[in-house]
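Pasting a structure here, questions to come.
Here the chain labels run A, B and C in written order, and each chain numbers its own residues starting at 1.
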Amino acid sequence: MSIDLKTIKHISKLSRISVDDKRAEKLVDDLNSIFDFIEKLNELKTDNVEPLTSVAETTLKLRPDEVKSKNIREQIIKNSPQDNEDYFVVPKVIE
Amino acid sequence: MSKNNSEYLISRKDNQYEVVIGLEVHAQVLSESKLFSTSATKFGAEPNTQVSLVDAAFPGMLPVINEFCVKQAIKTGIGLNAKINKRSVFDRKNYFYADLPQGYQISQFKDPIVGEGKVILDMPDGQKEVGIERLHLEQDAGKSIHDLDPQNTFVDLNRSGVALMEIVSKPDLRSPNEVSVYIKKLRSIMRYLGTCDGNMQEGSLRADVNVSVRAKGSKELGTRCEIKNVNSIKFMQMAIEYEANRQVDLIEEGKSIDQETRLFDTKKNETRSMRSKEDAHDYRYFPDPDLLPLEVSDKFIADLKNNIPELPDDKKKRFINEFKLSPYEATILVSDIDIAKYFEEVVAKMGKNKDMKLAVNWITGELFAVLNNKNLEISQSPVSAKNLAILVNLIKNGTISGKIAKTVFELMLEGDKDPQKIVEEKGLKQQSDPKALEALIDKIINDNREKAIEYKQGKEKLFGFFVGQAMKASGGKANPQLINEILKKKL
Amino acid sequence: MSEITNQSLTELVENVKNKKLSSTDITKAFIERSEKSKELNAYITEDFTSALDKAKKFDQKPNLDLKLPGIPMAVKDLFCTKGIKTTAGSKILNNFVPTYESTVTENIWNEGAILLGKLNCDEFAMGSSNETSFFGNVQNPIDKNFVPGGSSGGSASAVAGKLTPITIGTDTGGSIRQPASFTGTVGLKPTYGSCSRYGIVAFASSLDQAGPMAQNVKDCALLQEVISSYDPKDSTSIDFERNHYSKELTNNIKGKKIGIPKEYRVDGMPKEIEELWQKGIQYVKDCGAETIDISLPHTSYALPTYYIVAPAEASSNLARYDGVKYGFRASGENLIDMYEKTRSEGFGAEVQRRIMIGTYVLSSGYYDAYYLKAQKVRNLIKNDFDEAYKKVDAILTPSTPSSAFKIGEKTNDPVSMYLNDIFTVPVNLAGLPGISIPAGHDSKGYPLGLQIIGKAFDEQNILNIAFAMEQKINFKNKIMDWWIK
């Protein structure tokens, strides 16, 4: 198993983090050493093991259908980097 | 292109192609608050006024599921004759978009809340069964607005987090028309259940349409294209028609079809590739660690099942058996819950001595025509069920003729007037006194002696002339049956 | 009476209740010491003026029935605090001011405590040395240029350096226990679901848990009592009967069965650690408990499992930092360009590395080989503990495989950094409570910790064992106040 530059570029695209070539090369090294270490899991046979998604020993609780959060537009928009009274604003989306 | 009654086929030279369609319908759940937050779901609110900290994905905010939305999904599943899964899992579907504040949509991927089911379509040549693959719950995204500013896109998160049911059909549909009937049927079932208002203008019902084509008779599925987010039945039909022909042309040219996502351009009436966008789409689904598996008990499901209202298919059967309606009539009357409700109220108000046929004709004839003209829903009908029942009874018991009834109906449209009163006030009661009618007819025969002779000599067409004269003389109120009898005797 | 900042939480509470000290006295003392301790770089945001106002207000009408009456305290900057900048140690949240309060901090303020400020931590709690913080390294009070551990490094440093009488941290793979061990303090990671995650900047949702950090076990028990609550706003919060941990605290652990897992004897572990562990075994025996050799066969798989599960969840949890709603935004020509630049400039190297790992293990074609596999192994690890707990009441292990290391020593080797958490990670994967207590010093005089792992919801039991051991160990932290001029 080895991760190459192309894979790094692909993952960086998927995770929406731009990386320049220098950083990408460093990431190739880092991720390869990390995955070498992760590969240890392949020693285990797990065909008949159920995956564990949560350790919370409870069941999902359901809440009643009530409107509790009122209009807090000001609070919601207050922290946004480029605001306008009504909307979040982002650079033009190119379809 | 050839179409016979049952088959929708696309023809090119010697080849005929069948179209295979599957739908992913997104139906907005009717609920007060959102799927995982307590903000309101009302349509048409000012931008970003129905957004909680959870909906806008503030750091440390967590989802808590709305019980009612779970019930709504299960009820819909029951309405689709589907398997309800007692354990289902919420997954995160990861992608970046301006109107997706979390950077992921909470959806159900591997273990949906509802499994396989079916929907029965009433087609002109009989019934058709369409398989349901699954129904799952998921969050809606917000709205990106691109045309308010030349440099920027504006984002409104009011819809962000509203509960949606995604209903996935099997690839069982074969024509644009079947798609239309299927959507209407789904909409009808959900409106009966009160789980979705089915309002397509407001976006409460939208669909992704999967289209593929194959040589007629082939059993293999062709490569499919998915047309994203089509929001009206008309557009779905247009999109399918365009897309199917595009695919057939490619095959005819010996080219291959790429499995891809396409967009329907309603202005140009064509579909086009969204491949550029797809590049970055590896959704990286995984179970949402902020939520546990959703588990519902047998009792929870049974309680919902016990409270399911009569659904269109059952209602139709009952209308046919109980009211002796034709399947065609019954289909129309059950197609929408409000129509069915109206009809049943008319039936109830007509009392014991009722004329079901007449009532059906009046609803599907005169009333529908008026609603169509005025662009009204039956729930907004200017004539109440009660008054329509009275009108039908007035015809049935001979108080007025069918023809007079039409005049009365016109008058009823103004403020839902009581037809009984209209008849009395305008003196429209049918003239059924034989002596008075005999005198009237005697006078007509006397005034038209020559014609009476011609009639007797065999010119039978003239009978109609005498009927007309008699009706005219009575101001339209004469009982037409009596007129006929008396004329026959006198001539 | 000893100097205020040298007093434990328990002493301070007692002195407030006896009216020997006012909240203002205490708050002033900790502020003054904090002011003199800038070199530790423990704080990201100070809120001293407001803290003093609140202390004065408290003193005007003191409510002495509260559990933390007028007690000042700083908290890890991963807890959202209403009106106070909350950064998670990241540039991407550098200017973020929440309009809401985390449940855990809300519980603390409700019991009368007063916020001193927000403490430094590894960026998004991803780190074991506090070196990934956008706001710089934190110094370990035990020695200059030594890391305090991480990710709750600022918290550990602040408690050990007595800038705050007590604090809270978060622990995803050891982020409370490892820094506690590195600084000679006590740190408890509660059972998953014991403390609400509402309002805590998420790292890995299925592992994150807030917990107390203190100078001694009793203080730790008291704070745990305050922060643990059932919270309907967190779907993974568990509704169980919570003990009055401090009131029920006892050093009577006679007859308790303590498991000693052989797999924690790892290759290359310093002899000092093994010796410390043996001493610990002797201590619990001296307290009347019985030790039993046990096996947790999948222990060596815990770290690889963790480095799949945690980054996977993090890659998704951190997707919300996209420059749209709050925080840092880099300018971009279009939306995608803005995203990529914002996240590239806003996240530090370690966070980016983990997002990349997480994205990769979830991506199409790799999910089964990595993520699903890790979840299965996670089950095996949990089963190991379930089996062990059929025989024992708690488990005793070293907290870390080494004492504190030098700043910069491991930054270029991610795997060696990750190995720091080898003894703490299995506990998070299994959702169990674990406490680290200072148990001795290495040859350089740096503190070393022992970890007691309990059954789910059995915090009281491990607190009791820790309490009993603490009295036997009689640990004294060797802190020379080198940073105070």
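The rule is short, and it goes like this: contacts are C-beta pairs under 8 Å (C-beta built on N, C-alpha and C of every residue); 3 or more make two chains touch, one makes a residue touch a chain.
Computed from a predicted structure; not experimentally measured.
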Hey, which chain ends up farthest from chain C, C-alpha centres compared? B
Could you name the chain whose Cα mean is nearest to the mean of all protein Cα atoms here? A
For the pairs A-B and B-C, output the one whose chains share more C-beta pairs in contact. A-B
What's the distance between the Cα centroids of chain A and chain C, rounded to whole Å? 23
For chain A paired with chain B, centre-to-centre distance based on mean C-alpha positions, whole Å: 41
So, what's the distance in Å between the C-alpha centres of chain C and chain B? 58
Taking each residue of chain B in turn, which ones touch at least two of the other chains? 53, 56, 64-65, 96, 98, 153, 155, 282, 284, 289, 291-292
Where in chain A do residues touch at least two different other chains? 14, 16, 53-54, 56, 58, 60-61, 63, 72, 75-76, 82, 88, 90-93
Identify all positions of chain C at which a residue touches two or more other chains, and write them in rising order. 96, 99, 206, 232, 235-236, 315, 319, 322, 324-326, 335-336, 339, 359, 363
Taking the touch rule as given, give the residues of chain C at its contact with chain A in the complex, in rising order. 95-97, 99, 192-193, 206, 232, 235-236, 238-239, 298, 300-301, 303-305, 307-308, 315, 319, 322-329, 331-341, 343-344, 347, 352-353, 355-357, 359-360, 363, 370, 372-380, 382, 413-415, 418, 429-431, 456
Interfacial residue positions of chain A with respect to chain C in the complex: 3, 7-8, 11-12, 14-19, 27, 30-31, 33-34, 37-44, 46, 49-58, 60-61, 63, 72, 75-76, 78-82, 88, 90-94
Residue numbers on chain A that touch chain B, as the complex places them: 13-14, 16, 53-54, 56, 58-69, 71-73, 75-77, 82, 84, 86-93, 95
Going by the contact rule set out above, which residues of chain B touch chain C in the complex? 53, 56-65, 92, 94, 96, 98, 101-104, 153, 155, 282, 284-286, 289-292
Quick check: in the complex, which residue numbers of chain B touch chain A? 31-33, 37-40, 46-54, 56, 64-70, 89, 96, 98, 144-146, 148-157, 277, 279-280, 282, 284, 287, 289, 291-295
